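Just so it is clear, A, B and C label the chains in written order, and each chain counts residues from 1 on its own.
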Amino acid sequence: MSKKLANAYLILVFAVLYAPIVFLIVYSFSQGETMTNYHGFTWRHYQTLFSDARMLAIVANTLLVALLSSLIATLIGTWGALGINRTTKRVTRESLLTLNNVLMVSPDVIIGASFLIFFTMLKIPLGFGSVLMSHIAFEIPIVVLMVLPRLREMSSSMLDAAEDLGATTRQLLTQVIVPFISPGIFAGFFMALTYSLDDFAVTFFVTGNGFSTLSVEIYSRARQGINLEINALSGVMFLFSLLLVGGYYWIQQASQKRKHRKREVAS
Amino acid sequence: MRAVTKRRTWLYFIPYGLWLALFVVAPVALIIYQSFFDLGHHFTLGNYSTYFQSATYLKMTLNSVWYAFLITLFTGLISYPTAYFLHQLKHRQFWLLLVILPTWINILLKAYAFIGIFSQAGLANQFLTFIGIGPQQILFTNASFIFVATYIQIPFMILPIYNSIDDLNPAFVNASRDLGASNWQTFRRVIFPLTLPGVKAGVQAVFIPSLSLFMLTRLIGGNKVITLGTAIEEHFLTTMNWGMGSTIGVILIVAMIIVMTLTGDKKPKGGAPR
Amino acid sequence: MKRLLSLIIGLLAVCGLLAYTSQSLEKSSGSTGSKVLNLYNWGDYIDPNLLTKFQRETGYHVNVETFDSNEAMYTKINQGGTHYDLAVPSEYMVSKMKRAHLLQPLDKSRLTGWGNFDQQFLNQSFDRGNRYSMPYFWGTLGIVYNDKMVKASEVQHWDDLWSPKFRDKIMLIDSARDIMGMSLVTLHKSMNTTDPQTLLAAEKRLNTLAPNVKAVVADEIKMYMIQDEAPLAVDWSGEAAEMLAGNSHLHYVVPREGSNLWFDNLVIPKTAQHYNAIYAFLNFMSEPKNAAQNAEYIGYATPNKKAKALLPKSVRDDQEFYPDQKTVDHLQVYRDLAPNIVELYNDRYLEFKMHH
């Protein structure tokens, strides 16, 4: 009974989470021009999308920035979380955490404007590089926030035991710590990806020289009303990420099963 | 061995410390610096006195804190059971990824979708008509604003809570049951306290950004809810009074420090299972 | 750990692939090389077919970058680090940029289409003699109403909005200057007033409108009006044109007693580099045929007289978007006010928003 209740609850939550997305995708097939009044089925918006080289280039740019920045931010953030976790003084740790969170609390406009001032002061050209650096910058704090709780859970006795067994720092890190905190690292990576894909204000301020991302394009189009081409694009990207996630999970499952079987055979 | 690892601690901080210096300390210094200048670029304390003497800003601050609190509360109430039940599923990692997936769709687009769903002729009202309540004004109410804001924040809360549940050692739960605790007692005394770090991480990831929400206040709330985010947006992008905007930014940072201190981890007490 | 490493390598490979894709896509659309023009424009504010045509005729490829507010664009150009050849600010922003020495004067001797423009839209207060700007589109501020719920005769004037029968029925565009300006018109004051007392009176007047205000929104107002969410809205003509296209029950009125006349203009920022391309583009866009095509695509009113003549009669004679001379005479162009006055407008407006 409680199992059923739990499932019903989850179904409800997922229904709400996906309702707006289904709405967007349904309208990407509407013959109208806006997300009002469904006008009958068409593939037209998808045709427009795939013949729009500028838009496709923007999509590639967006994904490139998102993946690369999340990757680098995850590396730096995990490293930083390890460092924070090692500080013994509570004051140091708290102040580090506070500094860490500054970028999360500051509204995007402020961050964007100050990054812009910063880049132009250092004469860093605006474009792909500046956008990438900014994205890395505002993604790091969320990675730290995701990794840190996991590190705290790690018992020091486990580390001591490993050290007593003669593990070097390097072994300790690669064979004990990182495997243990990897769920936190993954969570951090995915959240970083989310932040990157969603960001408009910061990207807007620090971009230039022809480089643009999807969010900037969507926001600046709002004055003319959002085109259903954008809906079609969201639909494609959503399906693509769904396939990616599903595929990745399936491969992982398969390999785990194989390992499992091997282990059973071995024992 | 210990000494070696100790000495190497600073190595960890090279990339992270560089980031802190370049992208956190420098911008914060800039923001604080700017907050002392007025529109004519003269040094002044006027921005702060304006802030603390104006009923408008104080009311706005209270508003922001109140709404951020409500959003965090609802997000937490919805997310905790979701994370908990998700963790019991067979393909739980897959489902967890499905929780994150919707966040990859642009927020402006999702807001437009909600406008479509909540409007007079939208799906929500069709449903209400169908069950006999009849169409209601849903958009531009505080409830719809909180709903959509909660919707946006849910994944950011589920993830850390899920992770902390994942870390939970089932031995503690079993021990508690063996000692005759009821499900509720086990939850209240064992599971919840042990997953608190996740909840705290979630609160930090949700409450702090909620203080400065601005776009949803207009799109869904119809500007009936005015938060500090709205004011900052206006100062930076309409009046171009960066001094006043930075002042509010400084105040947000201070508010964040307060939140961090409140949710920060205290020294574990004597009997904590560790 | 091994799995983690292979994941990282995999991600890097994907990144490389994406970089290659974006490079080749950009090359195929020809955006690299020296024959380019960097246009900084509002999103979706030019017919893309015209850009292709321009490249075919002149060989210049147009790189479009987009912004979503005048102020954001100003910050970008002011801060430097960019290379925009042309930008599209609104009228008050032209004078602000002029004052900040961000603009370069137009070389009229290189402009061939100047005679195509309607005299009444040239030589405006924001740029006397059009030394720096060429008008792109123009429009007004007015009332959009839905004839299913409101009769035309009920909303001919700004004062009509204050009627108690419109309780909770009006949507306002979220713009301090415009909403304060509307209130000022009903008080028979200038939309450019700098008197704090008058502005206070305008706020008081707005506060009495608060019960009728359903929401204060921005771009999404179009979607709301098309969906019959509200019967009345105060918005710009450009936005109204979009709404009318999406819902045949909607109409647009410019109150005769006065309203705002706005312009979007092409200007050459300090950062410009490709002068031949700039003048080729300005001349191309002022050709009647091209201007007309653009006006049909965007749906805004063109200041190009000869282009207007090429538009379908139904558009040309549309009183809603090309109002008669009498109405035009009462329209006021926003002047670029001193920063502290702009601040005053915004503070009063913010108080009004907090009030309702």
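Throughout what follows, a residue touches a chain if its C-beta (ideal position, glycine included) is under 8 Å from a C-beta of that chain, and two chains touch if they have at least 3 such contacts.
Fair warning: this is a prediction, and the values are worked out from it, not measured in the lab.
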Query - For subunit A and subunit C, chains touching each - result: B
Query raised in the report: Counting contact pairs per chain pair, which pair wins?
Result: A-B
Requested in this report: Specify the chain most distant from subunit B by Cα centroid.
Outcome: C
Query - Distance from subunit C to subunit A - Cα centre to Cα centre, in angstrom - result: 34
Query raised in the report: How big is the gap, in whole Å, between where the Cα atoms of subunit B centre and where those of subunit C centre?
Result: 34
Query raised in the report: Centre to centre, by mean C-alpha position, how many angstrom separate subunit A and subunit B?
Result: 16
Query raised in the report: What are the residue numbers in subunit B that touch two or more other chains?
Result: 112, 116, 236-237
Query raised in the report: Tell me, which residues of subunit A touch at least two other chains?
Result: 35-36, 113, 117, 219, 222
**Report entry** Touching two or more other chains - residue numbers and ranges from subunit C
**Finding:** 72, 75, 218, 220, 223, 227
Report summary line: Interface with subunit B, subunit C side, in the complex: residues 69, 71-72, 74-75, 171, 174, 176, 214-218, 220, 223-224, 227-229, 339-340, 342-343, 346-347, 350-351, 353-354, 356
Query raised in the report: For the complex, which residues does subunit C have touching subunit A?
Result: 1, 4, 8, 11-12, 14-15, 18-19, 21-22, 25-26, 28-29, 31, 38, 42-45, 63-68, 72, 75-76, 79-83, 218-220, 222-223, 226-227, 239, 242, 245-247, 298
Report summary line: Within the complex, subunit B is touched by subunit A residues 6-7, 9-10, 13-14, 16-21, 23-24, 27, 35-36, 75-77, 79-80, 82-83, 86-87, 90, 94, 96-107, 109-111, 113-115, 117-118, 133-134, 136-138, 140, 142, 145-146, 148-150, 152-153, 155, 163, 169, 172, 183-184, 187, 190-191, 193-194, 197-198, 200, 214-215, 218-219, 222, 226, 230-231, 234, 237-238, 241-242, 245-246, 249, 252-253
Report task. Report the residues of subunit B in contact with subunit C in the complex, numbered from low to high. Result -> 39-40, 56, 59-60, 111-112, 115-116, 119-122, 139-140, 218-219, 222-224, 226, 231, 234, 236-241
Query raised in the report: What part of subunit B is in contact with subunit A in the complex they form?
Result: 1-2, 4-5, 8-9, 12-13, 15-17, 19-20, 22-28, 30-31, 78, 81-82, 85-86, 88-89, 91, 93-95, 97-110, 112-114, 116-117, 123, 151, 154-156, 159-160, 163-164, 166-167, 197-198, 200-201, 204-205, 208-209, 211-212, 214, 229, 232-233, 236-237, 242, 245-246, 249, 252-253, 255-257, 260-261, 264-265, 267, 274
